[in-house]
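The first chain written gets the first letter, and so on, giving A, B, C and D; residue counts start at 1 in each chain.
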Amino acid sequence: MTETTYPRGRTALLFVDPYNDFLSEGGKVYPRIKPIADEVGLLDNLRKLNGAVRAAGIQVVIVPHRRWEPGDYESWDHQNPSQQSIMKRHSFARGEWGGEWHPDFAPKPDDLIAQEHWGQSGFANTDLDMLLKQKGTTHVIVVGLLANTCIESTARYAMELGYHVTLVRDATAAFTHEMMHAAHELNGPAFAHAIHTTTEVIAALPVASYAKETVK
Amino acid sequence: MTETTYPRGRTALLFVDPYNDFLSEGGKVYPRIKPIADEVGLLDNLRKLNGAVRAAGIQVVIVPHRRWEPGDYESWDHQNPSQQSIMKRHSFARGEWGGEWHPDFAPKPDDLIAQEHWGQSGFANTDLDMLLKQKGTTHVIVVGLLANTCIESTARYAMELGYHVTLVRDATAAFTHEMMHAAHELNGPAFAHAIHTTTEVIAALPVASYAKETVK
Amino acid sequence: MTETTYPRGRTALLFVDPYNDFLSEGGKVYPRIKPIADEVGLLDNLRKLNGAVRAAGIQVVIVPHRRWEPGDYESWDHQNPSQQSIMKRHSFARGEWGGEWHPDFAPKPDDLIAQEHWGQSGFANTDLDMLLKQKGTTHVIVVGLLANTCIESTARYAMELGYHVTLVRDATAAFTHEMMHAAHELNGPAFAHAIHTTTEVIAALPVASYAKETVK
Amino acid sequence: MTETTYPRGRTALLFVDPYNDFLSEGGKVYPRIKPIADEVGLLDNLRKLNGAVRAAGIQVVIVPHRRWEPGDYESWDHQNPSQQSIMKRHSFARGEWGGEWHPDFAPKPDDLIAQEHWGQSGFANTDLDMLLKQKGTTHVIVVGLLANTCIESTARYAMELGYHVTLVRDATAAFTHEMMHAAHELNGPAFAHAIHTTTEVIAALPVASYAKETVK
């Protein structure tokens, strides 16, 4: 599928949940993803992608999970199991180190930051779709965590919303190998327009960095 | 239309934009609404409603406009006229008094606070609909500002989403009489299920304050 | 505001409710719009626009109201007043002449037809947003009926969704002058990016008819 | 998890894609699901559930995939792999037997039928959420096909929308065992509020069949 091309000024990298709790040694969830993260080279690939898309003039959009605050989910009629777990562990707690951006992936001045999502999809109950439309976006590349939860739901929503959707199999991770397999071999092939490696995505990016305005 | 009833545990008061900039002497937008606010008794009616719905065990949901921050809207491909005006005036600026809650209408412990909306509808690009569903809400009473912009868009959305929608003609205001007329005599009657006065709404509330749990 | 430009391959004309019941002599709603339709030259302007946008290679999207069928709305917990009226009058009845396209505005082969909408907004509970995204649309021109109900709600939604929105003041109609005034002088200026006449829109269209593919 | 209860008048059974092509001998997709369908007893379980929820006064909602028509998807900028497959195979073709309801699961008079969905989620680009709200629905039970595509996307959306979501592990099927495993052991436990067997769901239904009105 290396024939995918990413139109400059129309493509966005959606970087889901780049929190210390997910991506840094000492993070609350990091131990659970570390085996697969190490195996696929997650941190290195995210760094490469992050550099390459910025060099190519691709819009970066941070797609953050709700940072836990005291009281969160408590008054809801029905929390799901992930939300119950967050209530116990205080994952991505607001005001704590775990809920801060991993230092290599903190937003830069022209990045967009979507509203925090409560569930799995970065589009659900947030302004992500509108922000993308305000940049004329037609193609999204979805990276970050976890492959079979937030990445998959964000990507499923992106497809339903009419975007061209790319998954990057080594720019994400999950708790187990079979979850990675489910995301990229069982489910992704049914809804994603492209499933690439980091190297393949970088090779398909526009060559130089012209601003969107000059090519409109 | 006084036969409307508001099921306890299924009704929410949506209080749109209770900011000092809108509702307090010295607020940036207040001078433009003051003539009509005074005429309809806006502040008094909001206080009465606020008290009555809480006494009746009705859920209060704060539905806030995006608090202006430096950079807001600037990178968007197309701002609308209201957004251009906010960019100039810094309405509801985050961290300033104008963007703080009017002291009489600040959220209380069990209130819900929806994500801030960028445009006119409190439902667009926010978590408002999900929060209402997590409380089993079927009926919404929409009050606050402005009658023909944020209130009307929030109410139009609520109708499309399948809620029973009540407008309260003297618990809102606008810049001109003809805007009030448009909201309540021309447009509201086409989409709202009820258009009441504050007195009528209060009369239709459930009598006592039982918690939702006891009547489920 | 004649400086608006409509990017070819990125602009769509949303034609709301081109039914005989609205636009043809003998239609159920036609008598109520006829005075204003005649005054603004509605039918002629729609014909001119329809021809001009097709010549300019602009995508036409039909945005149809739910055609009434027996049983419609009956089982709903709360119908709004417009829906109650439709239940009585059987407006745009499926299988009847009133629910057929006005012959001058029937869809042509490359037009898109959105799913029918139950309320006022052509975007609510339909596939309209997705269809537009599948064509890379960033700009919409909203015409048809009624100015202060379906056109206004469709346009308010389009703005919230991140589109550039144009209203055309003489390519729509309403039951009364003050409803037209509300749509174009009171409410539209708060949310629409442009409010033009038919002549102004046509002057702002791309000059020749190249297909989208050739300019991508 | 057998402590789940389904409030009468607030629960809906979402029956996804009950087409001959999926569920009947001779259907286009049936051969691919038959091994697992037979193994879990899919048809029998769907019949039991269908009977039990109706007896319990639970709302049934048919959630149908877009029936293929000539031209479908062709003008879109980017079809996903499932849509490309449908374009080749003409799955659920409108006007053909494969696109008709399986005779045991055809809608009955009080059932709701949502608009057809183009992708995987029955909520995306359709009126499903609104129809559920018009019945005061808070709990959904999602059954039908396929476990890891349409069922999973519909259920993920339902969770994001604020509903209580139940998956039924033997009232669905998929092409492979590992797809079933992914749906019910890997992904479902992260977002669904309950994952039950048909027998467990039936045991948890309200005992008798009173109409919603009498218990409101």
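In this section, contacts are C-beta pairs under 8 Å (C-beta built on N, C-alpha and C of every residue); 3 or more make two chains touch, one makes a residue touch a chain.
Quick caveat: nothing in here was measured; it's all calculated off a predicted structure.
S.K.: Going by the stated contact rule, which chains contact chain B and chain C alike?
M.R.: Both chain B and chain C are touched by A, D, going by the contact rule given at the top.
S.K.: When the Cα trace of chain A is superposed on that of chain C, what is the rotation angle, expressed as a multiple of 5 degrees?
M.R.: 180
S.K.: Over half of the interface residue numbers used by both chain B and chain D, so same, or under half, so different?
M.R.: Chain B vs chain D: same; shared/all numbers exceeds half.
S.K.: Which pair wins on C-beta contacts, A-B or A-D?
M.R.: Most C-beta pairs in contact, of the two: A-D.
S.K.: Round to the nearest whole Å and give the separation of the Cα centres of chain B and chain D.
M.R.: Comparing mean C-alpha positions, chain D is 36 Å from chain B.
S.K.: Provide the C-alpha centroid distance between chain A and chain B, rounded to the nearest whole angstrom.
M.R.: Chain A and chain B have C-alpha centres separated by 33 Å.
S.K.: Please tell me the distance, in whole Å, between the geometric centres of chain A and chain D computed from their C-alpha atoms.
M.R.: Each chain reduced to its C-alpha mean, chain A and chain D end up 28 Å apart.
S.K.: Using the touch rule from the top of the page, what residues of chain A touch 2 or more other chains?
M.R.: Expected reply: 77-78, 118, 124-125, 129-130, 134, 136, 138, 160-161, 163.
S.K.: Which stretch or stretches of chain B touch chain C in the complex?
M.R.: Contact set of chain B toward chain C: 77-78, 80-82, 118-121, 124-125, 138, 148-149, 152-153, 156-157, 159-161, 163-165, 176, 178-179, 181-182, 186-187, 189-193.
S.K.: Can you name the residues of chain C that touch chain D in the complex?
M.R.: Counting only chain C, the residues touching chain D are 75-78, 110, 112, 115, 118, 124-127, 129-130, 134-136.
S.K.: How about chain C: which of its residues touch chain A in the complex?
M.R.: Residues of chain C touching chain A: 7, 10, 129-134, 136, 138, 160-163, 216.
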